Amino acid sequence: MRRAALIAIPYAWLLALFLIPFAVVFKISLSDIALAIPPYTPTAKDGIWTMLSQLDFENYVFLSEDDLYWKAYLSSLQIAFISTVLTLMVGYPMAYAMARAPEAWRPTLLMLVILPFWTSFLIRVYAWVGILSNEGFLNQFLLWIGVIHEPLTILNTPTAVYIGIVYTYLPFMILPIYSALDRLDGSLIEAAEDLGCSRLKAFWLITVPLSKNGIIAGSFLVFIPALGEFVIPSLLGGSGTLMIGKVLFEEFFSNRDWPVASAVAVILLLILVVPLVLFQQNQQRQTEAGA
Amino acid sequence: MAETVFAPWDDANEKPLIRFRNVTKRFGDFVAIDDLTLDIYEREFFALLGPSGCGKTTMMRMLAGFEDPTEGAIELAGQNIAGVPANKRAVNMMFQSYALFPHLTIWDNIAFGLRRESSDKVAIAERVDEMLKLTRLEKFARRKPHQISGGQRQRVALARSLAKAPKLLLLDEPLGALDAKLREATQFELMDIQEKTGTTFVIVTHDQEEAMTVASRVAVMDEGRVMQVATPTVIYEAPNSAYVADFIGDVTLIEGVARARSTPATGPATSAEEPAPAAQTVRTPQPNALGLWLHDKVLAPVIGARKDIVRQLPPPSATEAEPAPNAPVEVPSGGVEIDWADGQPPLISVDGDPALDGKRVKLALRPEKVAISKSKPQAVNVLQGKVIDIAYLGNLSTYHVELANGTMIKAQTANTRRVARRDITWEDNVWVSWSGTAGVVLDT
Amino acid sequence: MNRLSPFNVVSLTLGFVFLYIPMLILVVYSFNASKLVTVWAGFSTQWYGELLRNEAFLDAAWVTLRVAVISSTIATVLGTMAAYVLVRGGRFFGRTLFSGMIYAPLVMPEVITGLSLLLLFIGIGLDRGVLTIVLAHTTFSMCFVSVVVSSRLVTFDRSLEEAALDLGASAFDAFRLVTLPIIAPAVISGWLLAFTLSLDDLVIASFTAGPSATTLPMKIWSSVRLGVSPEINALSTILIGLVTIGVVAASLATKRAAVQAARDEQAAARAA
């Protein structure tokens, strides 16, 4: 009995507040915009049958016809993918160096990685506005050392978005890779070298495959949220950067077109299903391996 | 003398405390316990012995209530305990990892079980103090488990599981985490406590020496089945299968075909009345010398004389004593002869079962019952070979002797003199010999 | 131990410079006398004074704090239950769906979570306000709690629970008296994580908060959209300072406990 209650309570909560809302989103994506409260029609007040009969895929047709949405999805995928690769390139050497650092330093290094993770996401993105703007610290610094003579335009470009994503998601990449590398038995590398591998070859043949789960987990932890990112493109990307999270937010709050915003969300969710399932399987495998 | 022997398993009127009745346990396709029937009696110190994965831990967990049998019934004092949850059973367990609660003091760990069933603070305190005293832990009552040594942790685990005075105490590899010296001392402590409290102990172990030392009876297990249940002496001296003979102690197995000898064995070979001659020391390596000394000098004044009658053998026959060289040998009649190699004399075992006539059998020989010499001795079984390896163990030396057809025989001698016998060395041609009763003939 | 190669030293140094320079600049310029955030005009604490006089910010901070405390507490209870079910529940109907619902919110873009919850609340006619933010925050942060707690439970020596049962404790007592005290550090970190996630959240709160409730991140957002402002720098510095103190204190406490445990163990080994 107790076991049933233990399972039922969190289960019911997640069903009600995580899964069922998606059904609601789907239903509204099939509705039409209306000047009413709530701003869509039909609603359940019209009766179930009337409501069902008036649902259609008009909004999806609209999305497919307006190339703004296509471009937003594609550019989100591109930005999320490139930023994930960049984060991996920055994060892996850091995680590797942390795992190889003297044992006494490791807790401190780990804390230094985790600390930004606990500080406000919004504030960390905001910090870059002052750095990347035309008269910002980066341009001032580069002008001062004489590398450039004209300020670079970085803020309000995709570059700024890459920097923002790498910066804010870096801890998510470092931590799983570090924990995989930390578990790695140092004598494996020594064994590989003893058997005639060069250092680089041993790294490539032993270290990388054994940290694979960390790399996968870290990449999904960056890629999936980055795909729907809203704050970073809004603050750093300006009007020139098209990302689907921003489009959705504006469709909802500025245009108040809830049905179209819902349709945008449904398609984003469909794009996310594959990486989500892969991520969940990776997590479950690790949990079970740990047990 | 016979009435002092503790042997309820031989008494038909005795009711077993635990009864496994055709118990089978499956995990998916894997059969952990295979149609097992077994009785364990009150006040027994019963050992489940076997390699890892043989099902001994599963049996223990079924007794504790963490697993239920797939088929069959387990009875505790005549009642089927299937379906009774672990926290309602009068059975307590001492875990292999000890499972001491790290956030509670030693005192609170021991009181944990008592508090679950009673709120009488005074009675609980009395009982905890009693357990602390029994396990000599009074000084450490206020410490946490990580603040005491491994041996002390082991005693806390024992005290905690005994505090509720269970009908049955289960011990899962209780000494596995201790080093060799401490383990030996603790074995006797365990036996002492078992005797004092009168609790039935069931111990799971993969260490045969431990099982032989502490247990009144041993069940040797393999792949979910009990191969033999008997006293340590019988297990060692009269194993019922090659598996048991091989698992317990060191053994040489020689395969051949049995042939019944003309007349049944009579006379001294089966006489059980004679007092044990000096050869006894060679025959019973369990419990070991240090253990016996400890018991006699340290424990005997407190708990009385060692009841080693339980583990005593039927005294050996005169023929089994080390054959005097060059004295003519009288071969008793009866038993079987084993043809084991072309051109070699058959091996004689006077207590082999004549019913094995014509069958393929194995002759199991304990190394300490095989003598080794440079000149040909007078004995029932004498073979010639070459020394391949010598293992010097301090108190004993084991010689690996290869016979002409490649068969390897182990012979052991006690190093009773300080200066080692150097007359036998590698590559020497030697004679190995043993008496007509030294070997056990096993059906293959 | 082995010394770090130059490559490792360089990647660590550059990495940490990258992580900390932006925050350092924020902190330094929060003490700038000038309204122009990129020009240093002398030391001043005037922005802190102005921040403390700004009623709107203080109100928002109060709402945020209430939401964070309530939602992280509920999330800790639910998340711990969920972790227990995941690690110890064995097989039950819909287990894969359950674990999917635990892991998906960790990475789900906030715009989707926010939008879907808002539409649900409107659909069932729930007035938006503090309650709806609490429900929303509880839902996603319970998943983080459950991941933290389940990673501890996985390494939990199960024989401790069995020992408790064996000694006569009921399943609930075994959890209350043995499991919970031992996994308490993980439960507390889960709570802290849920708390900071709730403090931080902008997007989900923007969707689920009604006109009656504005959280601090929403307030910050509406002012940073207009560009960098020294007041926000001051606010950021306060938040960064609080978090730093908290994290450093927590890790020092953990370290001290570890050192004490090691010392105890040595003493025990000597005594043996």
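When the chains are written out, they are named A, B and C in that same order, and each has its own residue count from 1.
Here is the rule we use: a contact is a pair of C-beta atoms (placed from the backbone, for glycine too) under 8 Å apart; a residue touches a chain by one contact, two chains touch by 3 or more.
Since this is a predicted model, take the numbers as computed values, not measurements.
Participant: Draw the chains as points, connect those that touch, then say whether the picture is a line, ring, star, complete or other.
Facilitator: Shape = line; chains linked end to end, path left open.
Participant: Which chain is the middle one, judged by CA centres?
Facilitator: Central by C-alpha mean position: chain C.
Participant: For the interfaces B-C and A-C, which has the higher count of C-beta pairs in contact?
Facilitator: Answer to which pair has more contacts is A-C.
Participant: Taking each chain's centre as the mean of its Cα atoms, which chain lies farthest from subunit A?
Facilitator: Farthest by centroid: B.
Participant: Between subunit A and subunit B, what's the gap in Å when you average each chain's C-alpha atoms?
Facilitator: Between these chains, centre-to-centre, one finds 62 Å.
Participant: Between subunit B and subunit C, what distance separates the C-alpha centroids? Give it in angstrom.
Facilitator: For subunit B versus subunit C, the centre distance works out to 57 Å.
Participant: How many angstrom lie between the centres of subunit A and subunit C, each centre taken as the mean Cα position?
Facilitator: 17
Participant: Tell me, which residues of subunit C touch at least two other chains?
Facilitator: 171
Participant: Which subunit A residues qualify as touching subunit C in the complex?
Facilitator: The touching residues are 2-3, 6-7, 9-11, 13-15, 17-22, 24-25, 28, 38, 44, 90, 93-94, 96-98, 100-104, 107, 109, 111-116, 118-124, 126-131, 133, 135-137, 140, 167, 170, 220-221, 224-225, 227-231, 234-235, 245, 248-249, 252-253, 258, 261-262, 265, 268-269, 272, 276-277, 279-280, 283-284, 287, 290-291.
Participant: Under the stated contact criterion, what part of subunit B meets subunit C in this complex?
Facilitator: Those residues of subunit B that touch subunit C are 64-66, 85-88, 91-93, 95-97, 99, 101-103, 112-113, 116-117, 144, 146-152, 160-161, 164.
Participant: Within their complex, state which residues of subunit C touch subunit B.
Facilitator: 157, 159-160, 162-171, 173, 177-178, 181-182, 261, 264-265, 267-269, 271-272
Participant: Taking the touch rule as given, give the residues of subunit C at its contact with subunit A in the complex, in rising order.
Facilitator: Where subunit C meets subunit A, its residues are 1-5, 7-9, 11-12, 15-16, 18-23, 25-26, 29, 37-38, 78-79, 81-82, 84-87, 89, 92, 94, 98-113, 115-117, 119-120, 122-123, 135-136, 138-139, 142, 146, 150-151, 154-155, 171-172, 196, 199-200, 202-203, 206-207, 217, 220-221, 224-225, 227-228, 232, 236, 239-240, 243-244, 246-248, 251, 255.
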